[in-house]
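Order of writing sets the chain letters: A, B, C, D and E. Residues in each chain are counted from 1.
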Amino acid sequence: MPLLEINHLTKYFGGVHAVRDVSMTVEPLSITAIIGPNGAGKTTVLNLISGLYKPTVGEIIYDGQNITGFPAHDLANLKIARTFQLAKSFPEMNVVDAVSVAQIYMNRVNLFDSIFKPKKVEMWKEERKENSLKALKLVGLEQRANEKCKNLPHGEQMALEMAIAVATEAKLLLLDEPASGLNTVEIVNLMETLKNLKNQGVTILIVEHHMDLVMKICEKITVLNDGEKIAEGTPYEIQNDPIVIEAYLGRDSASA
Amino acid sequence: PSNGTADASDKILIGVIEPLSGPESYDGLRMLEAVKMITEQVNADGGLLGKQIELKIEDGAAKTAESASAAEKLVTKDKVQALIGAYASTATAGLLPIVAKYEIPLVNGVSQDEKLALQGNKWYFSFTLMNSTIAKMAIPELVKSLNIKKAATVVINSDAEIEYSDVYAKGLSALGVEVSQNSFPEGTQDFSSILTKIKEEAPDTLFINMGSNEGVNFLKQLYQSGYKGKLVASDLYQQWADEATKEIDGMYFAARYVLTQDTPVNKKFAEDFKARTGKYPDDSVAGDYDSMLVLFDAIKRAGTMEPQALREAILKTDMDITRGHIKFDANGRGGFDCKISQFKNGNIAIIKTIPFTGV
Amino acid sequence: MLKLTNINACYGKVQVLFDVSLEVHPGEMVTLLGANGAGKSTTQRVISGVLPVISGEIEFFGKSIKGMSADSLVRQGIRRTIETKAIFKNMTVQENLEVGAFITKDKNTIDTQMSYVFHLFKVLQEKRKQPAGQLSGGQQQMLAIGRALMSKPRLLMFDEPSLGLAPILIDQISDALGEIKQTGVMILLSEQNVNLGLKLADRVYVLETGHVALEGKTEDVKSDNRIKKAYLGG
Amino acid sequence: MVELSQQIFNGLVIGSVYILMAGGLTIIFGVMNIVNFAHGEFYMLGAYLAYVLINVLNLNFFAGLLMASVLVGLIGIIVERILDHFGDRGETEYVYYTILATVGLSMIIANTVNVVAGPSQHQIISGIATDPIMVGPIIVTQFKILVIVMAFSISAIFGLFLKYSRYGKAMRATFENKEAAASVGIKVSTINMVTFAIGSFLVSIGGILVGSMFNIYPFMGITANLKAFAVVILGGLGSFGGAVLGGIMLGVIESITAGYLNVGYKDAVSFILIILVLMFKPSGLFNKISK
Amino acid sequence: MKKNWVFLIGIALLAILPLAISSQYIMHLLILIAINVIYASSLNLISGYVGELSLGHAAFAGLAAYTTALISLNGGSAWLGLIAGILVTLAVSYFFGKIVLRLRGAYFVITSSAFQMALFYLASNWLSVTRGPMGLLNIPKVAIGGFVFESKTSFYFLSVIIAIIVVVACRRLVKSPIGETWVAVRENENLAAAVGINRAKYTRIAFVFAGVFAGIGGWLIAHYIGVVSPDNMSYNLIVSMMLMVVIGGRGTIAGPVIGAVLITLLPEYLRWMGNWRMSVYGLILFLMVIFLPGGIMQLWSTIKNKGVFSSWVRSKKEVN
């Protein structure tokens, strides 16, 4: 059974058809990519899954449960996490605190405890901090734990958002262009991180323009164009699909 | 009791709380001038009990909490021996628990909310004519002589004026007059909606009660709206006589204070005040001047600043003030005549005086 | 020609550029290469007058332009696109382009440049009546580039124009840059994407933590071992 | 029926003043993202300056109106230069601190005028007839007609300027993104100054018209400002066209409430409208673009 | 641990303070300070931590003041008034919070201000219940068993104890995960939602606590002064609350406390300025916002960070 199943997803913004009748699946413990030209509707699909937008038509099934229209903040409980295309995390917080925030939804102390049991609050805080350091280590940011988030350069911002997503103990990770603005070396590191995550039992759905990365680590690729699905398949199939080359990859694709 | 030793000092300290900032300061500043004026005159004549009088002045902004804070300071820090103030009834209300607690006389000829006077506060001496009192005194006379059948009130939404509207509406309808009540918020500039409504209702007489400033504006717009009926107010503000002369021609007043009332006390007051400030006084200025007259007279008769003796002396007051002749009842409530008057051709004249028979 | 000599620049107390010197000659395209946070954007900010320099000299065609305000530099013909896709979201695509030509009053130039931009980026023409805020991330990037072209500048700076663009569009942009270069405009490009960055450039400067670590002809830099390792994944 | 049409006319007159107040407020918000809590004080200041020029120095009404409003525009520039310093504090902080600063400014201006000029009310003498004229069943005055005509023509001119002129577009561009505006050669500081000056100029005209139609006093700006907020919210923050529609709407609704419900609740209406609009259509009733 | 000591010593000082003070006037000011601490600390939850400038906060103080006034004037006890006041502010802040917290920045400011003004006009015009601007007079004192909080000293203890409870509760809220969510949501709402933080829910907790605390302050002032009028929710009141928070330092626990002390005492020291006073307040606010946006607490932390203070301590030690 797929972990995530999207059926006939459609989203209009006023007159703009951002996403039209898209269906796709994400198998457990896989890395799946959505690619497509700019404005194809990739981010919109992620926003629909993660509850930022409500679909006009269609349904989203996660782990057998229909989650269509669930608000964003309910998805952490279902173990779905995401990163954003223009990552800025929590600019004024320390890196480690920013990651700790990701575990608050687990609600180990309630309102009553917050006011009447400061010890309990303190203990849970320590525990979250430890978990956060682990998550930071996974993405290679442990050295930066006490830096202010806003002082991280762009590449590390993206890593930080991944650490935050990881700290929620998510089973499904939605990533929006994590490689954007990274140089070649950093992209290699990112691929390592993604593989690690997969090995630890996380399923990944990634939106990316960086073809090297997509082709190397993804098992399955869905291609969107103008809101519609135009192709689906393995990296090899996609790379050699004339429709995809025409609409998206362009003439240099052979060299990628 | 806390200032038992104050008697020994070489000054008589009187606390004055007025709205000296904010919108109400228009009245507050003029009232303060009257208070200063009479104090300077008394001091120039050698003061009272052989001592000079010193005023301790605070801004209460016509607000309860601010006035209460000011009183607390005047009484406990500056050790004043009597208080004057604090203009608006809600502000004065803040003073009442304080004077009761420290046993300091508060003399007030301005605040019109009778709820204050009915509290049974032994240290609060209130003697302006309450709206309900004026209504009782003047309405039957007005209805009869002006032949009122249908009336409307227009007042500013402020403590005393709202009460005015209520008691007048009650008094008028008791005599079979049809009444509609209208109020507008402080700071209103455009009266067109109210005036349109009034025009539609077509009352024969309009009872108005508002500050002198709003009054000018209202009366001008009333005139522009083509209103032809009669007009009645409590007191004539000098500003109306100056700036809305045309608009108030023929207007009636059921007045506490009348500028031209021909008594020696009033003549002296009006002339002195005009000389000092260049403006004629009106009711609230007269009210504070009267408060000082009452207080000074009582101090003279008591021969001491001891609070209990002072209290006794105030209760025995029997004197002429600017607004008539005043006496207090056992509860510290006083009053004077109500003067029905009319403004015509730039002058105000008393038509009929209705004697005070108690609150 | 643009000439920077020993530029030092800071954000608050943190110094970010150290004695940076570089030149761009007429008709030339120069690429700034460097890791995250190396100072590429900062260099462009300094040139465009958004960030004041602490010391050093900036000359443009022999005239010192140090300390001139951002808008007067635009009048001098220096234009820059910003990496954060700073477009005017509530204005239509067309209005965005019109404002891009703010310093030109000549209606003809505006019309020619606008058709040129529409020729480069077809989507923009299709969406010209829509508020720019409704464009996708990549479309906004195109609009930002198009806007910079509107006033026929003498020096164009692009800050990571490939960011978030589909491969096919990177191709288009690279074609566009080639065309622009043909018209004699000087181009200063910041890139992480070496394919684009090195393809058309005549010369390359490599920045490392605010210092110029290496400069030279594109061919020479490409064959430098350190560069191969760090940027070419080789 | 007669009463209703009279009330609607009354609403149009006061609504015209609201347009001038809110139009200024909304463009200052639009361009600079400042909610100017001292805007009402500029309205009052314009009226007082005009009072001095016209009543005391015996200037012609229109000359006084223009001069006073230009002066207020200049004062607006000074204020803008000061508020400009908040620019480098980050967006949310900027909104927060400019509001606080203008709250402080409004206290300074209103209370200083109260002390210096005294708390009494005055009327600006326009010399234009205020005698009632019957137009059908409705009573109007020449001056009230002038107010409506002035408000509408000024806002039409300004609206066209904003939509089509080069500078108007530059202003809207600066609305949205300063760094980007600078990058196309717009001098942002000039735009900010011009915007603040125009906004203050417009509200000053409103104050002067009210001052000669009704009266002026030092605290007249406070309620006026709250009204302007209501209009701006109705029309959508930053939308000039919205301010025009919102102004008329608020004026008429207020008049009708006052006429048929209770005059006391007239002022509460605007606040209840704000809350209702923001509950159901936060972008304003007339704003197409949602943020 | 060190913090605890400071706290305990502070409490001890507050407890013996009345012994050292004979002036009733100063006791009066101390009571006002305690009430203002409650106002400012509660406002700070929204305007400091959640990060929205609330110009509607005084409405809650006024609501509770009217509630308790109406109850105790109709024969209920002050304590019943307190419970009713808490329930009313709780309900109103819950529902109004739902509306207003959807809005940000300028929209939040204007709506919250409109909310307060609407209630202000309601209180001014609903004569049959509120007596309008005449206000409700003669509100009875608070009493417990036979003991009446009549004297300044007794009321001082009542208000100081409540103020301490409020400040401690605010501190614990801020330090708890709930407090962390406020910062997270302020910094990046979308990301916060993605990690399961429901902005509406958590900011509403702040809003409700702030509203109820302000209500408790309103309850105290109603029974202390004995009069409730529309001034209890006026524009001036919210401006002075805001001044306290800003001058002290928003987003800190100590800031509003310091601000409350200063703003309560300031008018008393500026009385000599007569009617220039309000202009001077405006000027202070204006200058603070420009030159010291973080308030006194910012000054304090710069001194600490620059090491002025510690180097001074060190040099002292060396001398010894």
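The working rule: contacts are C-beta pairs under 8 Å (C-beta built on N, C-alpha and C of every residue); 3 or more make two chains touch, one makes a residue touch a chain.
In this text, all values refer to a predicted model and were calculated from it rather than measured experimentally.
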Contact tally winner between D-E and B-D is D-E
Chain centres from averaged Cα atoms put chain C and chain E apart, in whole Å, by 51
Per the C-alpha means, the centres of chain B and chain C lie apart by a whole-Å value of 76
So, in whole Å, the Cα centroid of chain B is separated from that of chain E by 37
Note: chain E sits from chain A at a C-alpha centroid distance in Å of 42
Within chain D, the set of residues that touch 2 or more other chains is 111, 114, 222, 264, 267
Touching two or more other chains in chain B are residues 21-22, 25, 29, 157, 183, 185
By the touch definition above, chain E meets two or more other chains at residues 121, 124-125, 275, 277-278
Chains touch in the following pairs A-C, A-E, B-D, B-E, C-D, D-E
Counting only contacts in the complex, chain B reaches chain E at residues 20-22, 25, 29, 58-59, 63-66, 68-69, 72-73, 75-77, 89-90, 93-94, 96-97, 113, 115-116, 119, 157-160, 162-163, 166, 183, 185
Interface with chain A, chain C side, in the complex: residues 35-37, 84, 123, 130, 134-139, 141-142, 160, 163-171, 192, 194-195, 230-233
Given the complex, residues on chain D that touch chain E span 29, 33, 35, 82, 85, 89, 92-93, 95-97, 99-101, 103-109, 111-112, 114-115, 222, 226, 229-230, 232-233, 237, 262, 264-265, 267-268, 270-272, 274-275, 278-279, 282
Counting only contacts in the complex, chain B reaches chain D at residues 21-26, 29, 157, 182-185, 187, 189-194, 196-197, 199-200, 213-214, 216-217, 220-221, 224-226, 239
So, in the complex, the side of chain E touching chain A is made of residues 169, 172-173, 175-178, 180-181, 183-184, 187-188, 190-199, 201, 205
